[in-house]
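Only one structure is covered here, and it is reproduced in the block below.
In this document, chain identifiers A, B, C and D correspond to the written order of the chains, with residue numbering beginning at 1 in each.
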Amino acid sequence: MTTSEMMTLKTEPFVLNFGPVHPSTHGVYRMRATLDGEVVIDLEPVVGYLHRGIEKLAEERTYGGFIPLTDRLDYISPMSNNLAYCLAVEKLTGIKIPERGEYLRVIMAELQRLANHCVAVGSFLNDAGAYFTPFMYTFREREKIVDLFDMVCGQRLTYNYMRIGGVSQDIPEEFLPALIKVIERLTIFIEEYETLLKENEILLARSKGVGILTREMAIDCGISGPVARASGVNRDLRKADSYSIYDRFEFDVPTCETGDCYDRYRVRIEEMRQSLRILSQAVKDIPGGPVKAEVPHLIRPPVGEAYGHLEAPKGELGFYVVSDNSIAPYRCHIRPTSLINLSALRDMVKGWKVADLIIIFGSIDITMGEVDR
Amino acid sequence: MKFERYGLGILKGMSVTIRHLFRHPTVTQYPEQWLNISRRSRGNELVWSREKCTGCCTCAKTCPQGAIEIITATNAEDNKYDVEKYCVDTGYCIQCGLCVEACPYDALFMGYSFERAQYRRNDLIQSDDALLESPERPASGYFHPDIAEKLPEQTLLIEKITEKRD
Amino acid sequence: MTVALSGKDIAVQIEEKFPGSLEDSGKDYLLVKSDSLPVIAEYLKNTDSLNFDYFNFVTAVDYYSYFEVVYRLDSTEHNHSIVLKTRCYDRDVPTVPSLAGVWQGANFQEREVYDLMGIQFEGHPNLKRMFLWDGFPGHPLRKDWNK
Amino acid sequence: MTVPEVIINNLPMEATPPDWPGGYWWHWVFFSIVLIGFMLTMVIIAIYIERRGMGRMQSRLGPNRAGPFGVLQMIADVVKVLLKENIVPDKADKLIHWLAPIVAFVPVALLFTVIPFQNGALLADLNIGILFIVAVSSLTTLGVFMAGWGSSNKYSLLGAMRNVAAVVSYEIPLALSIVGTLLVAGTMSLNGIVLAQDIPFILLQPLGFLIFFIAGCAEINRSPFDLMEADSEIVAGFHTEYSGMKFALFYLVEYAEAIAISAIITTLFLGGWRGPLLPPWLWFIGKTLVVFFLMVWTRTTLPRVRIDQLMALAWKFLLPLALINLFITAIQVLAWDDAVNWIAVVINIVVMGVLILIWSKFFKLGWGRIEV
């Protein structure tokens, strides 16, 4: 045994469960990490703790009756789930949506993106250890957005606001003035939030160059959303495959190059600014008129299949609906953005420390409702 | 990673937190101070009006959870249904409001109150007279614009000047 | 706009490259024989004109007489998409070659289809149940799965 | 001669202060009661400041239900924790698990004995006060490691290992930054240092203050260095498996250590009890709470540092700066016979600025990914 062998301590890796109940697994999610000291050697995600079989339930619900269930998928941004399902069924049945309904859908989807990024950025800092302060600030601003949703559809979490053919109800008249105030307040808030954290040395030290996701790996794993755009994949469905009336608004798609945790944080902050731009344009030229097309309660789409997808705050959320001309969908598959974004976690984390594992996982921003369905 | 900016970033961040020390907290003391909830709030109970209800069971059909159970008897003279039993299992109900939306005779309302927790599971099953509108079970303005007018204005956090406009 | 490539002209290209590998090609989908799936997937991914490098999703539909496995592929470069379908008629051990080797994105989703629909993917690195526990009887998303 | 006289006659202490009535034993009993009382009330006040201060900084209220303005909340917490069931994991090493909180608590209590409240008002006016502090303050890590090992839980083992690594590497900058003040004050007894502070040493030794504050925070795992019980990573670090009375003791240790370090900072750098109008001991308590609030402030704002960055900060940043600061103070003490003057203050502040600029130019915080 040479001296160098003697010198190296005989260490053997041990398996540590970042178990279903853990302060920063964002829901019931387990990671079996094999650690050598502090360094992560291997990581195996274990999912299924929140599996409710929504795809099986969809086969027993009418097309309209399934909408409340889509709220329970990604419960941080239910509006986008409703919208994705309605887009798929409208592509199947070919229903035209009135102008005002389209504008309301865009306003709600962008407000939901702001609310989701508030949660994502807040909890990312929380995993980095800033003891709940950024989390409290972002949740105070998210409260203002959720107040608007509450005014429009009566619930704070399960909105059930979109309907096939438009939106369930028109907005009350005090909605738009409040929305304009929220937009002003949020632009001020983002500037203030930036001074808190943009050049914070410790955050830079903890997240710059950590958990790098290369562009090829992102495309190969089918990653979408802010995580992919942080790695340089310039793919935003609002521009690439623009659905509803997104082609009328001009906004740009923020992307970064290195794809580390700091870039994902920056992309989300920039996306919040772009959403505010879209909202201010939508508020200016929202037309009058009906909000919902004439659609019977029980629709019977023609035999066939359709895949409707949109740029949800977490990535590309799609519904693949197969219909056999009965009142219930024959098969309804949901493209799980969070589950697919997790497939690259193992390669992003190998070689990093336990503290980085938590912050890399936090920067991907997943919700378990969408992973397990 | 260099320790660039020599700690100025940290000091700027600290200045933000200290400024918050002298601002109003955005907090309401719940049992003492009440917030007005949204006029279209979907409370956790249904409110049913016996006069308007014709027993057509549209609400029972559209309910995705099958929480509404209706038993009707045919009334030969003025060929109408008499609703003998109208029971809602609020344990199953997910407050989606599809029934209120589907009811053609506006006989169904969502509940407006939210402090209606029960201690025993079978208290969740409410039927007939327990469902009627009453002072502690007001009806919400969800899909009923006329009721929404009469309800108090919702307190919005954006209106409450909680922190100084900077 | 993402151009959904029509199955017809892609079928012509693939037919002259791999004769006899296609069963049929609809308006926007391509029905492929299951044993020639990996070869076609490799071809679709690597040719420059098509360059389907983005694996969107995979799912399976149970039509009682056969299982239909649906793949949707996108290209980030040309911004066009294609839907591949394969059918397996054997109901008790339906097998389809796995594409986890071609795209890493397929790994988790194929495990999920195996778990809920019961379709075996040969060549999958670690084909285990994704959501349900290992001792779970049967595959719930099948139409004939009794409650 | 009875035993007590033997002890009294050859005690290394200078004479007890003249105006104190009664002999040595009465002084000892009075001051131990005062210290225990002081520590417990200061911990209660510290927890109150932390929870209310952090609340207000996070635009929420903080506890305000129990008692007026939530003052009795801490007592309610203490009673609750004492009544909680005392769970011991079955595979735990029973004796070590049970002993760990005590071994962690006793050194912290010892720290208070040498801190002067008023001129001469301290339990033991040791003329080697500083050496005593540095020696005793490194004992708590023994208790922490016993807790980590005793509770046979992977998370607490990780937490304990981190604590040992951090304390070992922050002991040296901590000690070196104090030596600067000793040179200027000329004596090691804390009472003497406070008397020597015509200009508060924070102006005379700005770099020393900075290094001591950072090393102190790392030693008691507070603010940006709270890796030992990093709740978002390793659940609650070394005291994951503790509940009931033992958890209360660890909670007490954490806050008592924070108060002890801020008390030491006030005596060494902010001129202890010296202040114009108010009674001296009130000055002392006020300054301690201000320094403690500084710790609460950093804890609210800053994210956590990673373990290898913590080490790199100690060895590559604080240690060299402490040595250079010591070197410059030594030259000043040699050059002027009375080193406590305003020219030295200006020089030292300029030196601090220059050193920080140079060091942060080419200093690399930790290394990233290890090829696995």
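As a convention for this text, a residue touches a chain if its C-beta (ideal position, glycine included) is under 8 Å from a C-beta of that chain, and two chains touch if they have at least 3 such contacts.
Values in this document were obtained by computation on a predicted structure and should not be read as measured data.
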Next item on the list: If we define chain centres by averaging CA atoms, which chain lands farthest from chain B? Would you check?
Entry: D
Checklist line | Comparison of A-B and A-C by number of C-beta pairs in contact, larger one | finding: A-B
Next item on the list: Round to the nearest whole Å and give the separation of the Cα centres of chain A and chain C.
Entry: 26
Checklist line | Where chain B and chain C are represented by their mean Cα positions, the distance between them in whole Å | finding: 44
Checklist line | Whole-Å gap separating chain B and chain D, where each centre is the average of the chain's CA atoms | finding: 52
Next item on the list: Any chance you could list the residues of chain A touching two or more other chains?
Entry: 133, 137, 140, 196, 200, 202, 205, 209
Checklist line | Residues of chain B touching at least two other chains | finding: 1, 3-4, 7, 10, 13, 16-17, 20, 26
Checklist line | Complete list of chain pairs which touch one another | finding: A-B, A-C, A-D, B-D
Checklist line | Complex interface listing, chain D residues touching chain B | finding: 53, 55-61, 297-298, 300-302, 317, 356-357, 359-366
Checklist line | Residue ranges of chain D touching chain A (in the complex, touch as defined) | finding: 54, 57-60, 154-155, 158, 224, 226-227, 230-235, 299-309, 365-366, 368-372
Checklist line | chain B contact footprint on chain A (complex, rising order) | finding: 61-62, 64-69, 133, 137, 140, 143-144, 147-148, 150-155, 158, 160, 168-169, 172, 174, 178, 181-182, 185, 188, 192, 195-202, 204-205, 208-209, 297
Checklist line | List of chain A residues in touch with chain C within their complex | finding: 47-48, 51, 53, 55-56, 217, 219-223, 233, 235, 240-242, 307, 316, 318, 320, 322, 330-331, 333, 335-336, 339-340, 342-344, 372
Check: If you look only at chain A, which of its residues touch chain D in the complex?
Finding: 14, 16, 22-24, 36, 38-41, 125-133, 136-137, 140, 196, 200, 202-203, 205-206, 209-210, 350-356, 358
